[in-house]
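Just so it is clear, A, B and C label the chains in written order, and each chain counts residues from 1 on its own.
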Amino acid sequence: MQFLETILANLADWAPRLSEALVTSLALTCAGFSLALVFGLSIEYFRNRSAASIRLIANVYVAVARGVPILVILYLIYFGLPASGIVVSAFAAGTIGLALVYGAYLSEVFRAGLGVIPRGQREAALAAGLTPAQTFRLVMLPQAIRHMLAPLLVNLISLLKDSSICALIAVPELTLTSRAIMSESFLPLHVFALTACLYFAMAWPASLAVRLVERRLARGPTRWRQPDAEANLLVQSI
Amino acid sequence: MNNAMMNRIVDALLSGAIVTIEVSLGALALAMAIGLTLATIDNLARARATAFVIRVYVEALRNVPSLTFLFLLYFGLAALGLRLSSLTAAIAGLGMIGGAVVFDIFRAGFQSVPKGQSEAAAAIGLKPLAAFRLVILPQGLRLALPPLGNYAVGLVKDTSLVAAIAAPEVMFNARQIVNETFATAWVYGAAALLYLALTFIVGQAFVLFERRLEY
Amino acid sequence: MTDTHTLLTVDRLNKSYGALPVLKDVSFTLGRGERIALIGPSGSGKSTCLRAINFLDPPTNGDIRIDGELIGRRADGRPMTDAELAPQRAEIGMVFQHFHLWPHLSVQANVALQPRKVRGLAANEAAKLADELLAKVHLGHKSGEMPSRLSGGQQQRVAIARALAQQPKLLLFDEPTSALDPELVGEVLTVIKELANEGRSMVLVTHEIAFAREVADRILFMDGGRIVEEGPSRRILDHPREPRLRQFLSSLSLPEGRP
């Protein structure tokens, strides 16, 4: 097909630029997600503190992060901060902006992941003499992780897609680079179709992985099976 | 910051807000139409090919960034001779991606309707299409409302991207005003507040829907 | 040769879920105006057998005939689709253990749906019929309510009215009182008894043995997917022959051999 031929003909020119841009997109995604994890855990931690003012700040932050477009936050950081003397690179602005927004989403994932564990689990652990820290580490966290794996992965994929927004603050990631190539080559359909395929190649396997994780979760825990009668007898004889 | 400048900023943002609302409503309508139609077909069709084709559409659109897709429609189609206006490309692009998202929402909603409901419908002699229309669809729609509300809020935020294809919505106008006035923090801060207001209204609207449809 | 007294024929019904057989060569007949109760321990296959009659759980092998007509299979022997099954199902009324009333429709609309949408009655005729049937199950005053506002016993009675609205040849009851609080069981059993006294043909899967004794003409005891013993209800319950039936009845603390 003529379409594919055109792409192949230009590939030598486009490939290096697009690969570099792709790496930048991935770097943005990873940096943004790591920072978002930190923000998310912090927010969830602060939301459980007893001081009402701290809880309020955390909740306001989440509400704002969920109600304002990422683009606005990126503009505020990249264009707005310099007036106050704080100048950040485009990449840093992109990372921080993405992390601020996704930190709020992830805090919700953490809250749900921990909240879905039956209350009795924690009570049984405390009643057995475990400290709160041990309870969290040995009882709550392992169970919570199982429930959080899929939503965390979904957010990662979403963040990968949203990393494209950083194109609008001139981060040389995939979407911006493909736009630049379009202006030079006048082949918008080919370039953007190729770019779309590249994103798809990254995002789709990940979303398949999500479905796999969800399916295995639905099958129920195989490690925490009911102890059989023999084991019960052994325990009773101790 | 004098009064005249403030008025200009407010004017720019409000006229942008109107376009934001237009694009949001247009894309929402398109997304609902596509999503509901596909979910209905998917529920009733027995040919595996149908489900497969729908799946291909959904997977393709859900794994591509909105911005990239908007560029593809706005610039890419122009190269083929189909020159879409900014608004048309905006609504079409966000609407098509939304259709894929809404499809998954409705599909999950229909599957969440308890199996006994469709069994009872079959037991009285309703054919599958009638059973879907009278029993599954009404209940599935109610179950789908909360995630639909989330989608709608996300859609309003995504309209900020259509500034990149020259649609005169909030961020497009905001950028122009900043270029003239250099009141960066004020303008973008005001834009943020505007979006907060819009997303809050949309969120509340869906909460009201849910409450009205409660049984 | 069609026997005009026989309404339902179940002939060598077999069903397996994969490698697991749940019905093994189940055969019985139901006469017009007759009432049969299926009893047995959990997992005996009684509900599966019932649900095979209107092909909600299609059997792997075996024939179901109502008034001589083969249910669920086309002329060439291949199984029917749900759309093709609809007219046959319309003649069979089913009452489910968990009622399955449609929550988004009022009580009256639940009962009127079948007459309106399947038999094509006009809206006001269907509504009138629904109200009559609701009065019959002693719920005429609840016609405009939503199902979620009713107690379990009331919902099940509405479900019975809904099945009656089909003007069915045959009524199937799948453990109609098993999901009810004990104090609500009586009102439902009363309604079923009234229907029995009208001479309706019924197949009843139930744990209420005393009720089965009173209402059913014949009782079929199932265990492990087979009919182990069958016969007139009084004889079966008062003088059980098969050891497994004796075991089952004694586990329910019923005295064997009434005087």
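Here is the rule we go by: contacts are C-beta pairs under 8 Å (C-beta built on N, C-alpha and C of every residue); 3 or more make two chains touch, one makes a residue touch a chain.
No experiment lies behind these values; they were computed from the predicted model shown.
If you take chain A and chain B together, no chain is in touch with both. No other pair of chains has as many C-beta pairs in contact as A-B. Of all chains, the one whose CA centroid is most distant from that of chain C is A. Taking the mean of each chain's C-alpha atoms as its centre, the chain lying closest to the overall protein C-alpha centroid is B.
Between the Cα centres of chain A and chain B there is a gap of 22 Å. Note on chain placement: the centre of chain B and the centre of chain C lie 47 Å apart, centres being C-alpha means.
The distance from the centre of chain A to the centre of chain C, each centre being the mean of the chain's C-alpha atoms, comes to 52 Å.
Interface residues of chain A, counted against chain B in their complex, comprise 63-64, 66-73, 75-76, 79-80, 82-84, 157, 161-165, 167-168, 174-175, 178-179, 182, 186-189, 192-193, 195-196, 199-200, 203-204, 207. Chain B meets chain C in the complex at residues 46, 114, 116-117, 119-130, 134-135, 138-139, 142, 215. Within the complex formed with chain B, the chain C residues making contact are 54, 56, 81-83, 85-94, 96, 98, 100-104, 113-114, 117-118, 146, 148, 162-163, 166.
Remark: chain B residues 59-60, 62-69, 71-72, 75-80, 153, 157-161, 163-164, 171, 174-175, 178, 184-185, 188-189, 191-192, 195-196, 199-200 touch chain A in the complex.
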